[in-house]
Amino acid sequence: MGWTLAEIASKIGAELIGDADKVITGVGTLQNATADDISFLANSKYRHYLKDTTAGCVIVSPADAAEVSTNALVIADTYVAYAKTAALLYPEEHNEAAIHPTAVIGPNTLIADSSNIAAHVVIGADVVIGENVNIGPGCIVENGVVIGADSRLVANVTLCRKVRIGQRVKIHPGVVIGADGFGIANDKGRWLKIPQVGSVVIGNDVEIGANTTIDRGAIDDTIISDGVKLDNQIQIGHNCTVGEHTVIAGCVGIAGSTRIGANCAIGGGTGIAGHIEIVDGVQLTGMSMVTKSITVAGTYSSGIPIEPTREWHRNVIRYRQLDKLHDKVRQLESQLK
Amino acid sequence: MGWTLAEIASKIGAELIGDADKVITGVGTLQNATADDISFLANSKYRHYLKDTTAGCVIVSPADAAEVSTNALVIADTYVAYAKTAALLYPEEHNEAAIHPTAVIGPNTLIADSSNIAAHVVIGADVVIGENVNIGPGCIVENGVVIGADSRLVANVTLCRKVRIGQRVKIHPGVVIGADGFGIANDKGRWLKIPQVGSVVIGNDVEIGANTTIDRGAIDDTIISDGVKLDNQIQIGHNCTVGEHTVIAGCVGIAGSTRIGANCAIGGGTGIAGHIEIVDGVQLTGMSMVTKSITVAGTYSSGIPIEPTREWHRNVIRYRQLDKLHDKVRQLESQLK
Amino acid sequence: MGWTLAEIASKIGAELIGDADKVITGVGTLQNATADDISFLANSKYRHYLKDTTAGCVIVSPADAAEVSTNALVIADTYVAYAKTAALLYPEEHNEAAIHPTAVIGPNTLIADSSNIAAHVVIGADVVIGENVNIGPGCIVENGVVIGADSRLVANVTLCRKVRIGQRVKIHPGVVIGADGFGIANDKGRWLKIPQVGSVVIGNDVEIGANTTIDRGAIDDTIISDGVKLDNQIQIGHNCTVGEHTVIAGCVGIAGSTRIGANCAIGGGTGIAGHIEIVDGVQLTGMSMVTKSITVAGTYSSGIPIEPTREWHRNVIRYRQLDKLHDKVRQLESQLK
């Protein structure tokens, strides 16, 4: 179970310097790889490991090729090349077609013969499950859900009623898709629930990290477009739209009805207000606080990094006096005129 | 399965302008509604959609009634009226009374005949489940739990031992109520666990969003009062109290032993320190950082919204120099005296 | 089922003032304890409750002993003494050895005879489960997982393939350990998944709070060291290392490949960037934003606490003008020279 360097070179389009017949069976870091592992250098910070690496081969850029003491695969984008190589060596596992006898499946549900339904899964009525789908143990799939071909629910995933999942979607444990959005109206001090009658539509090639939640729309649907990658513990409110190939890091919260463009990158811990719009190509660094629409592509940030607690105390006090400080400076200016 | 406009007008107390016999079967947005849907206008931003809407009826305020090109239900609070209308059209589903054969139920447990226990549910010993309760698939209800009438655990919910849930409570997937609070004591560098022997008490008419966690008390109970509405991914520490009709948006974290008053509204991503008190009627905007008690009702905020990253870098540096800037201004002042 | 005060005094090493034969059966707060409960005073704020407490005994420091109107156990560190006493009175429950008939267990899996596997558990192939382990209802344990003796998965926990759990580890509901790390490479606008082939190693005496997620490593393992205590809803990225006896409060997010030292204390809601290092003995107050390595032990903070919203608005505007303000002050200085 491995690939020769010649095969890998051909598959990823790299130039091979070294033993074309060498068989590679796994990956490793420059520091810890074995002689049968392939490694890579994407961050020049680790360049000094090249000389002594025990890896069977290293994927490097042309600039670093001369430093490699073992076999080398030379290519411009080493990280993409590594991704492709690792995908060859560790293909996404697909369980054999089967429905576990403990799975409970409702009426009018269609499950492709090639799919695998694991133990203690509960699937409701009127569900459609495509070819080569894996529904891992403990998953709950409510009535009317549709899951496209080659998708995988790892374990303990909950898909609420009528949610639609595209093809090649991977959903990690603890994810909840299609729970009611947070819609309430205040009727003389008491909160009335607003029925959430929209759904959630997840495109193709989406990945959704552990314990992330995506709420169903109040009236229309919440939409996650093709190629979106979501990390863990993200909360996406009802009626949000996330554009194609946008990536969102962990612990991000997005309030309802916000539209995020395509090819955005949202740093971890960011909070985004509801009912705003973010154009394509926006990058937000970690812990950003977004309260208004962003109309111009680019990189945005907020938050003040840590200081020693004593200095922080002092600066917080000064911050609260900012308005007075402004007044003082204005006074000084007028005195000097 | 629908309601005539006359019936809806009567139920919600609105004035009907148009066809009293028109049957409405669903809801839709002004832009996407069909001729059998009812829509509403709560935000004047969307007023321009009124003229061309394809909805069968629109709920509007008296000020907007003249703009409506179709049937209209006229009422002051259109959002509350919409909530009531949608609740008529989409009543909370109640499964038929039944206990699924795969459900595992412990000794001395009482389940009202009208309740529904879904597949792969596990219910412990000494549990009491009231009338018309729905326990969705994959839920775990530990020993000694009490669940009031008309409550619903959607799916994959975990209620730990002795947790008490009121009536008409809706709990979304992935919620964990009654896990151990974070109680530890440092014994010469090692952390000793403090047994968490209190419980959690949830009042009536509470809703709890997906993947929210509410810890059990260390000694006394953690309390969520009647009418509280919690969004997704909220963390409530041990021995907190949340007052009646308070609403909390997603991703809020509340440390232990904090008391939050009634009729508060807490924005998403807010963090609240432990052992403090927040009076009734406090509003916190999103991503607020609360480190001390709030003794006066009102609206509070913190956090600095995003800027382009370059400007952010510059302002962060200036922020760190705030103390020095103050000193300089003071010097200038004394020079000028 | 209780302990005499003489027994408790001896077990925790306290001096007893009062009735040695008095039997204690539970714990209570100073305000609510019954005559059979023991209470404690750790925070001088509650000192005034000592005189009227109805507790059967109070654990107090020598300085407070004279104030106690009931039996007293006198000891320097009252909180540690309380932790030990409560652990005597409420020992961690251990279910009788058994495998529930609804549990599904894969081939080549070894489960110690003394362990308890609850209802609707799914355990994969090649799993090893040590002595006195409790796997609560609804837990999923994937192929190749190892769980050390005396550990407990409370309920609905997911352990992904090959994760290794130490001894005396307690994992609360909704926890996901070993989901794929967030590894993606951008190939001309599309994101390629990087297979996550490392695992997660959890040491001994670790506690992990509800709905916390710990991702598996990209190549090497993610490591949580002995004695670490994690609160709820924490996200730990792939290839992080958390040092011994470090405690992390709720809602903290740690990006990938970050190394956190031993004996650190990280406040709730803190965000920590990836690929950085935090030395031993660092304390971070709540909602800290950590973007760079911390090389010196000590206490660090960030974030600006709430103000009334109007003042906040004004200060945010002033903050954005900080750079200009600096320039003005510099100008004033040069004018005065």
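Letters A, B and C mark the chains in the order given here, with residues in each chain numbered from 1 onward.
Just so we're on the same page, a residue touches a chain if its C-beta (ideal position, glycine included) is under 8 Å from a C-beta of that chain, and two chains touch if they have at least 3 such contacts.
Just so you know, these numbers come straight off a predicted model, no measurement behind them.
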Hop count on the shortest chain-contact route linking subunit A and subunit C comes to 1
Determine whether subunit B and subunit C, two copies of the same sequence, contact each other through the same residue numbers or different ones, counting it as same when over half of the numbers at the interface appear on both sides.
different
Based only on mean CA positions, could you tell me how far subunit B sits from subunit C in angstrom?
25
Enumerate the residues of subunit B that touch no fewer than two other chains.
102, 120, 138, 156, 174, 211, 233, 251, 303-305, 307, 319, 322, 325, 329, 332, 336
For subunit A, which residues are in contact with subunit C within the complex?
26-29, 32, 77, 79-80, 82-84, 86-87, 89-90, 92, 100, 102, 118-120, 136-138, 154-156, 170, 172-174, 205, 207, 209-211, 227, 229, 231-233, 245, 247, 249-251, 263, 268-269, 286-287, 303-309, 312-313, 316, 319-320, 322-323, 325-326, 329, 332-333, 336
Subunit C contacts subunit A in the complex at 102, 104, 120, 122, 138, 140, 142, 156, 158, 160, 174, 176, 179-180, 182-187, 189-195, 197, 211, 213, 215, 219-220, 233, 235, 237, 251, 253, 255, 271, 273, 284-285, 288-292, 294, 298-305, 307, 311, 314-315, 318-319, 321-322, 325, 328-329, 332, 335-336
